[in-house]
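Next come the structures, one after another.
Here chain A shows up in two complexes: once beside chain B, once beside chain C.
This part shows the complex of A and B:
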């Protein structure tokens, strides 16, 4: 909450510059995705780095009873843990508002894209379905956890393999993974565009995130269709703002898709 | 005579046997373990006659009296401000230790508010706190500029022998720089120059353990500043030309596929043009 940092961001923005010399609509250069970083303990895993930001995602699968209104569908659950080692402003303990929001935004991106066919996760209608847990752990927060988390979740889903399941004893052998993937029909990726004063920025740093007026996270499918959105921050966005921000995000999603 | 296992300026890790025998003496970063002397930290070995010391590569800041530190106000009561000084000890600034007159029942946030950065001096240190004072030449609330962090073990490198490094950075970039002993550095100057100073200090933070650092850094700054001054002296029409070509390019790309994006591209570049006119 330091005033001089806000002033510094504003004075630089007036000249069209950012604190780390990047352009306003420029992602950090080193974006990488690593698959299968934890093959022993998770059914699927991935690590995403955007600059110094690092996020690890893991997929665990369990068998559960379906919801009574969706008897033939499996479920997914997204959890984000913002632990203090990622950023010292995070606190351990019960999930914070930010971590819940982040988890829900990632969840929505995947759910609403229709990329996963939940009917395929059904084992026996009304009794047993696969439950897919997507756990996201930011290792280092150097800004833009949103985009990194959504990318990590998608990469981990792509990496995931079903564990061996014994239909007679109803037991899962997590040590043996089958070759069956979770079939993904699309690849939803989220891009966040923030607004500070009258400027739009992508891939914000921690300081910029702290002082943003408003942000818009947009999830895109492979063909560029929008499947989910989330607005944050205290500032207002006009229709014109939103249209512009969507266009910027649509432009930038290519950068993230390339890393996949 | 004892035996020495390392040479001067070697990198040693905790537990490394540095020397054998009772003639050698441990200093900072080293300790005696029976017959031998071992390293306590990851760092560089310094040998001064019979005295062995290890200069750590990274360390936590430990406040000491008379240190100049940069702190961030994080809390206040009705007579005390608390400042984060990137240490396990919090900085405590009482109303008695500020130059301003503070009346009874005054709102302290009108003097130093949450999130303000202050340049203060450490008065005294106890087990939980470090007492700060704002009374002294140059001590003040910082306004403008930006703050970057370096490891507190690298602060002596940033300052240099008798301030040689820091004055070289100031002179060459024309920025105002204040280095707090706790590893916070305040920089203020022209944006382009500021970037050079920030990069130079980050370079010191990374390569502070190397020899010939001063030359390395001043070469680095000279190179960067040349680019900056080149940019500044470049005629403005040239810059605009570049933008125009960029605009054309993006228009071409867009026409083929996404007509929606074109509109934004144009508006965005118009904005840039407006900016450069200013």
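This part shows the complex of A and C:
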């Protein structure tokens, strides 16, 4: 069965076609970002849809002690749960390698972009800093969870407000949010390009992801600079491949950015 | 609770605003969203599929498994730590017990029917919202059902019986929480739990209140299913 799908994908690609009739470098049309989908509970939240793929992300904040080597800096933590909720082939249980990779790539996109000034998350140097948890839950996996997840994480951050806290005990009152945002100096967005045989594709379906030879995720800043990359899949990529894939990704960032 | 209204202005027998939608996750065999007040549950059904590990398989009948999950940002205070807690495991079990009577599992020997429920935001009544959403998802998945299952929490705050408790009422120190699930047409209760001290008459009063509330919720479930399939 699986083999038939693979052959089908290959035959279509030879004719320059995909299962859902899209062009190889064409994103699904309906891309949307919805803010504040969990306003009663989360400090910030968002839902991203790319076609039928749906991802929700939420921000929770806590006050903790800083790391000893970063006394004046707050921290972020990105979590992704690839649970069987979103896709039949995901398994319950502790985080899979795949979900850890996904989370870390989203994390790097945000962290390495310099978009967040971690010093601004410091409350009292060496004693108390903000900890920002960014948790991502795929609701429906119809392909390309990567791009959807990174967009959802960014949107949830944009939506977030600091909660009030007691200046003496540092106890947080989650019922009261201040009007203060997490200041973002840039907006890193990730685009994934996959390679099947000799073809490049964007916004892959679940089947295309299953049969990809290689993929490259690239995070771009507003000015077009790259701030994170991750190659995946068992296949090999030449430098020519990589350059082409980066160009394709850069070309497509706007599609996601304008949904924000 | 000295006045005749609740903190959020509702009457004692009044439900929070509800919303239901069937078929919200295309990759699942069945799915549904149920929102009551600020509690939002999304349920998906996957299966019947072969049950693993194999020793769990029963050649006589299938097994319903429920996986309740409060997503980490859905709590009303601190971040919820991911992964099943003892509370979650208990809820999974009572959900299975609440839903199993509605479907004929003997038709799927050796298989499992898995129901996953994610709570996106919570304001009390989560297991009830989860069951209400899950029942719609099972219907959407095409299972022949004896009846839908509908759930709501009844309760007492300072001796006043009320239905569909919000977080403030649920966490009231003199409060009693009574989650109830029923098959509204069969008029059978499939889940009944109680936390707190209550007199028998009051309990009956609470169950009566829940029963009529379930009828209202059932209408919302039904309308969502009709909307999906008409």
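Side notes on the structure shown:
Note that in this section the second predicted complex is superposed on the first by the 259 of 260 C-alpha atoms of A that agree within 3 Å, B and C clash if a C-alpha of one lies under 4 Å from a C-alpha of the other, contacts with A are read in each partner's own complex, and residues count from 1 in each chain.
Following the convention adopted for this analysis, a contact is a pair of C-beta atoms (placed from the backbone, for glycine too) under 8 Å apart; a residue touches a chain by one contact, two chains touch by 3 or more.
Since this is a predicted model, take the numbers as computed values, not measurements.
Applying the stated contact rule after C-alpha superposition, one finds that A:62 touches chain C and leaves chain B untouched. Here chain B and chain C are compared by how many residues of chain A each touches, and C touches more.
With both structures placed on the common chain, the touch criterion links A:181 to neither chain B nor chain C. In the superposition on chain A, contact of A:137 is made with chain C only, not with chain B. Of the two partner chains, neither chain B nor chain C is touched by A:70.
Touch criterion met: A:37 reaches chain C, while chain B stays clear of it. In the superposition on chain A, A:92 makes contact with chain C only, not with chain B. Overlap of the chain B and chain C contact sets on chain A: empty, with no shared residue.
Per the touch definition, chain C reaches chain A in the complex via residues 24-28, 38, 40, 42, 44, 46, 49, 67, 69, 71-79, 82-83, 114, 116, 118, 120-123.
Of all residues in chain B, only 72, 113-117, 142-147, 191, 195, 258, 260-261, 263-264, 267-268, 272, 275 touch chain A in the complex they form. The touching residues of chain A, when paired with chain C in their complex, are 37-43, 45, 52, 54, 56, 58-60, 62, 79, 81, 83-88, 92, 94, 133, 135, 137, 139-142, 172, 174-175, 206.
Interface of chain A with chain B (complex): residues 1-5, 7-8, 11-12, 14-17, 19, 21, 25, 224, 244, 247-248, 250-251.
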